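Handing you a structure now.
Order of writing sets the chain letters: A, B, C and D. Residues in each chain are counted from 1.
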Amino acid sequence: MARLRGTGMAVVNYPTGMNLGGDPSQALVHATTSGSFVVTLSATDLGQGLRTVIGQIAAETLGVEYGEVMVDTADTDTGPHDMGTFASRATHRVGNAVIAAAVEARQALLDVAAEELEAPVDELELDGHGNLMVRGVPARSLKVADVAALAQFKYGRTIAGRGSFMKPRSPVDPETGAMDPDSTEAHACTIAEVEVDTETGEVTVLSMKSAYEVGRQVNPALVQGQIVGGAWMAMSHTLYETTAPYYPAPDHGPKDFSEYLMPGSLEQPEIESVVLEIPSSNGPYGVKGVGEMTANSPIPAIVNAIYHATGVRIDELPVTPEKVLRGLDARKAGVS
Amino acid sequence: MSAHLNVVGQSVARSDGIGHVTGRTQYTTDRTFPGMLHLKMARSPLHHARIKGIDLSEAERVPGFVRALTAKDVPHNRYTILGLIGVEPEEEFVLAEDRVRFKGEAIVAIVAETEEAAFEAVSKVRLDLEELPAVFDVEEALKPGAPIVTHWGNNTFMYEGHPCRRVRLGDVERAFGQADHIIEGVYNTSPIEHAPTETTGCIAVPEANGRYAVYTNTQALYFSLDNTAIILQVPGNRLHFIGGTVGGGFGGKVDVIVEPIATLAAMKTNRPVKFSYSRSEEMQVSSTRSAWRIYLKDGVTSDGRLIARKVTSYADSGAYSRQTPYALTKHAANAAGPYNIPNVSIDAYCVFTNRPPTSAMRGFGITMASFALEVQMDKIAERVGVDPWTIRFLNAYRNGDMKPHRKLAEDATLIETMQAAATLVGHDLPDEFKAMTSAPRAGSHVEGR
Amino acid sequence: MASTIVTFEFGEREVEVMVRPMTTLQIVLREQLGATATKDGCRQGGCGSCIVLVDGEPVMSCLLPVEDIAGRRVTTLETITPAEGLHPIQQAFLDSYAFQCGYCTPGMVMTSKALLDHHPDPSGDDIGEALAGNVCRCTGYRPIIRAIGVAAEALRESDGEQPR
Amino acid sequence: MTVSSYFLPRSLPEALEILQRHGPDLLVMAGGTVAMPLINEGLSMPGAVMGLRRAGLDRIERTDGALRIGATATLTQLLDQDAIPVLREAARTTGSWAIRNMATVGGNLFTPPPGGDVAVALLALDASVILAGPTGERALPLADFFTGFLTNQLAPDELLVELRVPMTSDPAAWVKFGRKHANTPAVVTVAARLRWSGDKIADARIALGAVGPHPIRARQAEQRLVGTRLGPDAIAAAAAVATEDCEPFTDAIATDWYRRRMVAIFVGRVLEQLAPRAEPEGR
C-alpha cells in the first residue's frame, strides 16, 4: 500500500450580480419614536447573514449604533421589491439600496436637528454612536433618540428614506456575445494538498489554503464562514456528490443522506485563508460578492493535486475512488 | 468612500443568532394552521411517456381525501419562471398534460386531511402511460433521430436564432495556426443536489379578505409571487408572500415550484394547504445543478502565452429550462477564465434530456467551467514546461484588458490574489511575478484614459 | 384507527398527548406541543436535525413512535434554554458563528449536549464521531466543532452548575 | 402511513400472541431505523405494526460460554459490552450515535445490503439465531439463516429473540470500508476470526458484507488459510480467492467492479491485522 501526496492550485474570478442586470433591489428606512431605525426589505436571508450585514451597512450610513437598526424582511405587503437572493447579488444590490435609503433618512434626521439646534444642516455630524452635534462644538449636540422624538411629536415629520439600486438591463449581441455581464469581480486562489491511497483510490484532502479578494468585508467573521463552508462544499462536489452516480445513466439516484454522499464531521482538512480588500468601484463600501465563489477554486485545486500525487488525470466529477483506481491501473498498464 | 468606518468591517454578532441557537427562529413549516390540508404529488414513474389516462376513482375513496388537481385545474398551466424577464418560450407544465418528460414529473396533486391520507391517495392514482424512448446524454440528444424532449422540434434552447450562446473575439482558427502548442481537453461533471437541510416548501393560507398568505422558503419572494400570479391568473394583490428565513438555499429555492400549486389548492378548498418536499423528492425530483460537458482547445506559444481558446460547452438542462438558459449566458461570459486571451470562441449549448430539470446553484454556470479551465491550465503548464503559478501569472487578466465579451476589465485583482496565496503557502515567486500588478498594461484600451 | 393517550416528561413538566397510532415524537413535539426547535429535515434518520434526548441519550425523533417512550424524559432545545440568557453550548455556538442557515443547529446543540454530558473533555475525534449523524450544508462543520470545544471548556469551568 | 393499530407488547409471550393473532401482515419493528423512513414517506403502508422496543428482549448477558444478545439490544448496548471486542468495533462503525441508540442487533439482520454490518461480525463469530414460535424456540446457525436478498429462515409465526455468540479467545478483526469515516454505507465490510494451533491456522472464518444479497462467508478464502502461518503469500492467496466468494452489486456508493476489488484489499488488510508480528525486516 502506498499513500501518495500532491499539491495543486487553481484560480478563479467571479462576477457579482445577475449577469445582464435589470435586477432591482429596493429598501425603505424609517426611524421609530425612540430613535431606532427599521430597514424594510423583501430580500431573503439564506443563512449567509444578510440581515446582519444590511444592519451594519444601514448603521454605518445613518451614523448610529448597529444595535439601533432592525432589519425587517421579508413580507411582500411591507417590503419593497427585490429580485431575490442569488447570483452573489444581495449584499451588493441590497446594500446599495439601503445606503440610498439611509442617506435620505439621515438627511431628514439632520434637517430636524438643524432646526432644533438652529444650526446650518451642513455643519452637523453624527458620531456613529447615537449622537449628533455641530461640527467642532460638542456642547451643541443632541441624541438621535431625542431628535426622533422631536420629529414625531414636535415637528410632525417623518424620518425616512427610500432607496433603490438597479444595474440597467443590457442586451447580448447574438453573433459576438458582446455584453455587460457583471458589476464587479471577486477573485480567489486556492492551493490544495491531498493524499491518495493507491490500493483503494481514496483521496483525502489534507488542506485547502486560499487567498480571496472580496472588495470590502462588511463582516469578516461572516466572510470566513463563506470561505470555510464553501471549501467544504467544493471538497464535497469534487469527491462525493452526484444525483446520478453513473451519469449519464439515470440509475441508482440517491434518495437519502446515506446514499447522497457528502463529507461529514470527520472529513476535516486544514483550511486557512487570507482576505485582501481592494474596494470595488460600485459596491456598498466597496463590497464584491463572496457567497457563491468560495466553492469554485478548491475543486480544480484538488483535482490538480490528485494529478500531482499520482500522475492520474481525472477530468470527470466527482472523482470517485474507482476513477482514481482505474486511472492508476491504466498508468500501470502503460495506457494513459 | 469613507476613511473611517464604525461598524462596516466589524465582526458583529449575527442579529438572528439567538433565534437560531434557541430554535426560536421560525422557518416556513414550523407553522401550523387549524384545518391545514396536506398536498402530495403523484409523479411519473417513467423518464418519458405519453399520458393516455388518469384514473382517480380509487384515490378519491381514500378516507381523508379532499380533492385532486390535474392540468385542467391550473388556470395558466405553464411554469416558465424566466418569463418574468422575457425569456421564451413557455414550456414546462405545473401539472403534466399529454406527456411526461422526466421521472418524477408532477401529474396529479392530491390534497388530503392528513399526510397519511395524501400518501395513500397518491398510491392509488392509476396512470395509464405509454413509455417513449428517452435520452440522457447531451451529445446523444443533439444527434439526428434522437428522441425529442421539447415541443419545438430540437433539443437545444435557441438564443436569438442560434442553438447556443456564442461569444467571439478575434480569430481562433488563425491563432491556432500560429500556436506552438495545441492543448485539448474534455471535462465532464455530474448533476448535484442543493441538499439544503430544510426542504423546499410552503403553506398557502386563505385570509379573511379574499387574499392568500403564502408562507414560503423561496429565495426570491417577488419572483415567486409574480410567477404564482401568472399561473393562477390572479392580480398580484390577491397574494401576500411571507418568508425571508430560509434553511439553506444554494440556488435550489429560486424555483417557484411549490407555491403555485399549493395556492391553487388553498383557493379550491378554502383551507390552508401545506406542500413541502420530502427528502427523497428534494433529492430526486427537485432541480439540480446541471451536469456539464466542456470541450476546451487552446493555442499556446512556446513561452506560455495563451493566444487562442475555443470552448464548446453542453449543459444538461434536464427536461425543461427553468433557470438554465440564463446560466449558459453567464457561463459564456466567463468561460475563457480570468485570462487575457486575444482570440476566443465560445459555443455554450443548453441541451434538453429526459432527466429532472436543472436550475440555479451556487456558482451558476461558472463553478464547473472553473473546474475545466483550471485543470486545463495545469495541462498547459505541463506541456509548455512551466510551473502552475507561472502559466497563470503569464496570462492573468488585468484592468483594461478586453474580455471575450468585449467589456473592458475593471476591478481585476487576480495577480494580487495569487501573490497573497503564494505568501500564504510559502511559495517563493520570481521577482518578475512579485512585481506584477493588475494595473492597465502599457498600450491597453484604458491607458491614458 | 383508535387514538391513544401517551404521557411523558417534557423537560421538567409532564405532558399528555392524544395520538393516532405510530405518531412520531418529532410530529408530537412540533405539531402538538409547538416545540418547533426540533426540526424536520428528512424523516429518514439521516440529517440529525430532529435529534432530541430521551433519558439523556440522543435519538432521531422522526423515527420514534411516541408510544415507545411513554413515561420517559424528553429533552429538547426548548427545555435546555434557560429562562434568561443562554446555555453555555448555545452561547458557544453563537460566539463561534457555528451556524449559517440555522436549520441543523437544534440537532447539533442537542448532540453536543449529550456528548458533553458523557465526555466533559472530548477529543477532536470524539466530537467528530458524535456529530457523524448531523448534516450541515452551510458551515463545513469546523465552526461547530470549534464551538463544542469552547462549550466544553465553559462547562468544565462552571463545574456542572448548568441546566441539564 | 395509515397505520390502524400499533402494538407494543411488554413481553415475549404477548408479542408472540399478537403475531399469531395478526399473522404475516403484521409488520414487526424493532428500532425502526429501516421501517420508519419508509412509513414516513408513504412508501410502506402497513395496516398494523408491532413495536418490540418494550418487549423485554434487549438484555445482553454472558452465560454458558456464550454471549446472549437480546434481539432488541441496541447497537449502543453492543458498543458498551466488553466480552467480545470485535462486536464493539462492528457497532462503533455502524450508523450514527442517535441511530445506534435506536437500531437493534436483531434488526441488523433484516437490513438490506449494503447495511447489516453487525451481522457480518456475528457471522464470523459463528453466532446462532434463536427463533421463538408458537411451539417454542429453535436455534439456527446464522450462516444458515439468510436465504437471499431480504429473505431468511424465519417462519411467519416466529420472532427473532436472541443472538447467541460463543465466547472465544480467538483473535478477530473487523474493517468496514465506506466512502466516509463514519455513518456511511459500506463498500465492503470484512470480519475475520482465526483459530491457531501452534503457529498454524487450524480454522478460519471470514465474513463479508455489502458484497452479496446478505452477509456471506468467504469459504474459499477461509479454506486457503487453514494450515498456513498467515504469511504474506497466504494472505495474498486468501484475499485473491475471496473475490470469487462474493457477489457484489452496484449502487449509489460503488460499482460491483470496485466492490470486488476492495474485497481483496480489505480481506488482505484484515488478515494483516491478525498476522503474527514478524521481526522487522524492512518490508
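The working rule: a contact is a pair of C-beta atoms (placed from the backbone, for glycine too) under 8 Å apart; a residue touches a chain by one contact, two chains touch by 3 or more.
Bear in mind the structure is a predicted one, so any value in this text is a computation, not a measurement.
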> A-B or C-D: which has the larger count of contacting C-beta pairs?
Replying inline: A-B
> Of the other chains, whose C-alpha centre is the longest way from the centre of chain A?
Replying inline: D
>> Can you compute the centre-to-centre distance for chain A and chain B, using the mean CA position of each chain? Integer Å is fine.
In response: 18
> Whole-Å distance, chain A centre to chain C centre, using C-alpha means?
Replying inline: 30
> Could you state the distance in Å from the CA-based centre of chain B to that of chain C?
Replying inline: 34
> Residue numbers in chain B touching 2 or more other chains?
Replying inline: 13-14, 16, 195, 246-250, 278-280
>> Can you pull out the residues of chain C that are in contact with at least two other chains?
In response: 42-44, 46-47, 97, 99-103, 128-130, 132, 134-135, 137-138
>> I need the residues of chain A touching at least two other chains; which ones are they?
In response: 46-47, 49, 221-222, 230, 233, 245, 253-254, 256-258, 260, 262, 264-266
>> Using the touch definition from the top, list the residues of chain D that touch chain A in their complex.
In response: 37, 177, 179-185, 250-255, 257-258, 261-262, 265
>> Quick check on the complex: what are the chain A residues that touch chain D?
In response: 199-200, 240, 245-246, 252-254, 256, 258-261, 263-267, 320-322, 325
>> Going by the contact rule set out above, which residues of chain A touch chain C in the complex?
In response: 46-49, 221-222, 224-225, 228-233, 256-258, 262, 264-266, 268, 271
>> Which residues of chain C touch chain D once you look at their complex with the stated criterion?
In response: 1-2, 20-22, 24, 43-46, 48, 51, 57-60, 62-65, 67-68, 111, 114, 128-130, 132-134
> Can you list the chain D residues touching chain B in their complex?
Replying inline: 1-3, 41-42, 45
